[in-house]
Each structure stands twice: as C-alpha cells, then as structure tokens.
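Two complexes are shown next, each including subunit A; its partner changes from subunit B in the first to subunit C in the second.
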Partner chain A sequence: MSLTSKLFYAVSALVLFHSGFSSYEFHHLLKLNPPHNAQSASVITDLPKDIKYEVYVGLLLFILGVFTSFEKLQYLPIENNDGMIISQGNYLKEIALNKATNVNNLVGSNPNGEVIFSPSFVDVHAKRKITREWASNNEKKEK
Partner chain B sequence: MSLNEESFSKLNATVNVVDNKKRLLFVQDSCALVLGLAAGFLQIESVNGFLWFLVLYNVINVLYVVWICQLQPGKFYQSPIQDIFFESFFREITGFVMAWTFGYALIG
Partner chain C sequence: MSKNLVREKLLTIMNTKVYTQFNPEQLVELENELEIYLKSGDSGLTEGNYFFLMEMIFYVLVYLNQDVDAQVIYNTLRDRLGESSYKMVIMRATLLQINGDDKGAIEYLENLLKDDLEYETDFVTYVSIAKKLIAIKTSSKDLNQEAVLKELVALTDKFPLDAELWWYTGEIYFEMGQFEKSRYCLEQVLCITPFNYTCFARLSETLYYEALRSKKQGKLELLDKALKNALRSVELSELYLKGWALVNVISRELGRGNKNDLVKLSESKLKEISTKSNTKDKITAELILNKI
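Showing the complex of A and B:
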C-alpha cells in the first residue's frame, strides 16, 4: 500500500467521522426543538449542505484511497540481478496461462524446478568445479 | 495455429484468477461498507438508499474497469461482466444494508 493511499484513508476517516458527528448533532438539536408550529416552516429540517458535502468528500477520498492502494506489479529477477526490477505495467495478474508463465520466464523462476534441481538431475561435476574455483579464490585472498 | 496451441491458449492460470477476484472483492467490500455508512450519515431512507447504492456501486465498478483493468478486463477475468458487476452483488448489498442501518441508527 502506497503512502498516498494511507493518507487518503486517514483523511477520509477523519472527514467521515466529523461529518457523522455533525449530522448527529444536527439531528439531536432537531429532536430537542421539534418544528411543530406553522412558523417553523422556514426552519431547516433537511441536513445542511456543508454536512452533505463533507460526507461526499469523505466518500470520494475513501474510494481514491482504495484505488491508489493498487500498485503496478513488480518482479525482482532471481538470476543476473543488477537491481533491475521488471514490470509489465499491470495492476492485476494476467489469467491466460501462456501469458501468466511469462512472469516466471522473465524472473528466471523455473516452474519445473522441483524436478530439474533434484540431485539426480544436477550436474555434480560442474558444481564441484565451481566450488573448487571459489575455494581456491578464497585461499588466495587469505594468503 | 494448431489445435494443441489453440487449446493451450484457452487455458487459465487458476492462481491468478483467484488472486484477481480477491483484489476485486476487497474493493467492492470496503466500498459497499463505506457507502452504507455515508447513506446512514445522510439519513437516506427507503428506495433512495438502494438507488444510492446501485448508482455508486456501478460507478465504482466502472472505475475499476477503467483504472485497475486498464479497459482490458478480459485479460484479468474469465467473464468480466459477470465477475465484476454481478457475482458479488448480493454479498455487497447485504453489507451495504448492514452499514446503512448501523449509520442510520447511530445518527438518528
């Protein structure tokens, strides 16, 4: 959730609370002094405009808060990570399977990893070579 | 396009379908509750309250299609009209009525 969204939520909560309290006060006063004679036809019995507008603004801010809580989806690649973040510019995930797997491909996540990376399929010699190189480099550094 | 490719292109990723529906439900749930509260604060009564809900609920859904789906709801929902406008309608209207009566009783 972005900071903008949080701000919208906070302000809308305050505005809605205030408008609710104003509305409560207005109706409370109306109950204390009920308009029951002919002269009171001019007395306001409808909710004042400023309270109405406050409710509308509170509602609008809340809706904006909900919508700004959506952020464009971003992915961090697993390999060759130069701090580059991938984004397709969507707020939601695509449902078509041939599009949904694009994200896995871009990120470098292998959906068949469970099988491919199981010990029987791993190239042990290549791994040993990498480890030997790493170990010899470290030894050099220590010396 | 061969028959296999064609049938593959029609497959959907279930995880993404469920995820998108959850996000839509969050928007509709929270907005329905706040719409109800606002209706209570304004002391709206009888059919006007339902009209208030119908109009604003649809405005929010249209806004969702335009803003979040970027006018391509078909990319994110299996049957966009059904999923966005109708599927959770009764769920939201009951939530709205609950918040409406709560707000109404609190103020009145």
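Showing the complex of A and C:
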C-alpha cells in the first residue's frame, strides 16, 4: 500500500469520525432542547448541511484511498533466479482466459503442469543418477 | 525482494509440479531458496501450504541425493500428520526406493492396495498409490513398455477421470508411434480438463505427425484437424509458443504461402513472443523465426 493511500485512509477515517461525532452532538442537543412548535421542528431536526458534506468528503477520500492502494502486479520468473521482477503494468488481473494465461507464459509456468509433467510417474533413480553425474562433473571442474 | 513474490513463485512451482522437470542446477537453487524462505518465517503462508512446501523440499532432496535430510523431513511430517495420508505413503515408498529396496516398496504398496484400499471408496488415494506403484515397477525395470501400458489401461478402466493417467498413457503410445491411440488418450484429457491448452497443442502435434505418415487422402483431413486444435490452444492462451509454432508449420504443410493470413498472423505472434515472453520462449521463438 502506498503512502498516498495510507494518508487518504487516515484523513477519511478522521473526517468520518468527526462527522459521526458532530451528528451525535447535534442529536444530543436536540434531545436536551426540543423544539417548541411543529413548524420550527421540521427546520431544526434536519441534520445540518456541513455535517452531511463532511460525510460525503470522508467517503470520497476513502474511495480515493482504495484506488491509490492498487499496485502494479508483479511476478518472479519460475526458472531464473536472478531476482528479476516481471510486470505487465496491470493493476488488476485479466478476466479473459486467453489474456490471463499470458502471465503464465511470461513467468514460464504451465498451469496444467500437474497433468502434463506426469509428476506421479517420475523415475526417481534416473533423476538421482543425473544429479550424481552433474555433481561429479562439477567436482572434476573444480579440481 | 518482497516475500509475497517469493511465496507466489514457490507455490506456483509446487502447484504446477515443475520441479519434477528441473535440472540439477535448478534443483540446488530451488532448495536454497526454499530453505531461506522457510527460515525467514512468512506470516502470509498458510499451514496447508507450509506442508505442501515441505513435501516439495522432500522430493527436491531426494532428487539431489540428500537422503538423510529427506528422511528428516519425512519424520517431521510423519510426527505431525501421521502415516495414513496417501502423500505420506508415497513418500515412504520413495524412501524405500532410494534405500535400494525397490522390491520392498512394491510389496508395501501392493499390500496396501490389496488389503485396505481395494474396498474403500477413496479413489484419490487408490489411484495415487497405484500410479506410484507403476512408476516404481517401471524404474526398477520390472515391466517392459507393453506391460506398463497394460497396467495403465487397466487403471484407466478403473479410474477414467484421472487426467494425468490418460496423459501418461498417451505419451507412451506416442513414443511407440501409435498416434491414433495417443490421440484418443489426449482427447480424454481434454474431456477432463477442457481449458488445457498444452493438451490441445499436443493433440495437434500428434495429428500432425500422423498426417505426415499417412497417405494423401487422409493427410489433408488430419492436417486440418491438427490446425484446428493448434488454433484452439492459442485461442485459450494468446502467447503460447508451441501453439503458434504449430499453426505456422501446419499452415505451410497445407500448402499455404507466406501471404496466407494464418501464416502472417502466426509469424507476427512469434515475433511478439520473441520480445515479450519468458527467456526460454524468447530464444525458441527467435530460432523458429530464423528457420522460417
């Protein structure tokens, strides 16, 4: 969350709290000093405009806070380990499937890997042999 | 680097099981990254995902010949979760395998299948253990390719909704050059996972090879089917390299020249992939473009 959005949230919370407190005070005073006749009652019992406007401003600031809290979506590539961060410049994920899968192509992952890599049928001995050979080759190179 | 990004990356590797395809160097890097990440204590990691990551570390350690560490991970998980879960059973069988006791692993799994699981209704457990059993038998050279196929087909009869089983069967048929049977298996995978664009491309590839082998009359029909499947794969994933490469190759095989819309479109998409996609795809796309 960016600093701007945090600022918006804080100010909007203060403004909304203040408008709520003002409304409470207004109603409390109204209870202590009830209007004497019906004509003045309809005018006085309405919430003052400044409190209403304060609520609107508070809500507006809150919405701005939500919008500015969005950050560009970022990803790390699956096979590279150099710390390079990838971004498409989008704030939200794509909805259409053909566009949404572009993220997978970009980071180099396959969402159907559980099926197509046949993980249940991995030949453990073959895998370990390849690793052993790689390790012994590395040792030879170091020598 | 944000922990969220690392977490997402590791969970993607775990979910897509891509670590089973990693080379030794990548496995070592993954092991280091996992170790650092888990030591750093990420509050955003759920308990379930933590155990899944532990399972992944177990297999990475097994592939890296770090048997003692793998045993420690297994013991930790066993103490916490017990031994009854099928994942734990498969891990135990793997440990038996790496300790040189393939027969013991086969016996252990066969007994489980015969004694309890045959009469239980938990199909996930049964099929997962049965798949592991076939894998062990294959790697210990207990079964030849045809015997493996026989076991796989029997298992697909019993569990027709397991996509991985159909895919693997299809791959074996493909290796044997039985494209028609391989095609049938891939079609079954598509019935179970209809948005599997990789499978559409594989089906297209199978049809393409079948077309190259067949006589003139059937060839055009098969190529047409192959093209449609390749197009379906890129319809599901806009920048899928294999899909566009197949569209290009098959269109040319169909006798369409450079001015054809599909050929032009596939070339432009391959150019886009060579600038936009991941490093591996970029290089491959460039190579394909150079050859074209």
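Just so we're on the same page, the second predicted complex is superposed on the first by the 92 of 143 C-alpha atoms of A that agree within 3 Å, B and C clash if a C-alpha of one lies under 4 Å from a C-alpha of the other, contacts with A are read in each partner's own complex, and residues count from 1 in each chain.
The rule is simple: a contact is a pair of C-beta atoms (placed from the backbone, for glycine too) under 8 Å apart; a residue touches a chain by one contact, two chains touch by 3 or more.
In this text, all values refer to a predicted model and were calculated from it rather than measured experimentally.
Chemist: Go through the superposed model and pick first if A:Lys52 touches only subunit B, second if only subunit C, both, or neither.
Modeler: It touches subunit B, and subunit C stays clear.
Chemist: Which partner, subunit B or subunit C, touches the larger number of subunit A residues?
Modeler: It is C that touches the greater number of subunit A residues.
Chemist: State whether A:Leu97 touches subunit B only (first), subunit C only (second), both chains, or neither.
Modeler: The answer is both, since A:Leu97 touches subunit B and subunit C.
Chemist: Using the touch definition from the top, say if A:Phe62 reaches subunit B (first), subunit C (second), both or neither.
Modeler: Touch partner of A:Phe62: subunit B, not subunit C.
Chemist: Could you say whether A:Tyr24 touches subunit B, subunit C, both of them, or neither, answering first, second, both or neither?
Modeler: First partner only.
Chemist: Which of the two partners, first being subunit B and second being subunit C, lies in contact with A:Leu16: first, second, both, or neither?
Modeler: In the superposition, A:Leu16 touches subunit B alone.
Chemist: Once the complexes are superposed, what residues of subunit A are shared between the subunit B interface and the subunit C interface?
Modeler: On subunit A, the residues that contact subunit B in one structure and subunit C in the other are 97-99, 101.
Chemist: If we count contacts the way the header does, which residues on subunit A are in touch with subunit B in the complex?
Modeler: 16, 19-20, 23-24, 27, 47, 51-52, 55-56, 58-59, 62-63, 66-67, 70, 90-101
Chemist: Give every residue of subunit C touching subunit A within the complex, in rising order.
Modeler: Result: residues 1-2, 5-6, 8-9, 12-13, 15-18, 20-21, 23-27, 29, 33, 62-65, 94, 97-98, 128, 131-132, 134-135, 138-140, 163-164, 167-168, 171, 189, 193, 195-199, 202, 234-241, 273, 276-281 of subunit C touch subunit A.
Chemist: For a test of understanding, state which residues of subunit B touch subunit A in their complex under the given definition.
Modeler: For subunit B paired with subunit A, touching residues are 8-9, 11-13, 15-17, 19-20, 23, 26-27, 30-31, 34-35, 37-38, 41-43, 56, 60, 63-64, 67-70, 75-78, 103, 106-108.
Chemist: Using the touch definition up top, name the residues of subunit A that touch subunit C in the complex.
Modeler: Of all residues in subunit A, those touching subunit C are 74-81, 83, 85, 97-99, 101-102, 104-128, 130-132, 134-135.
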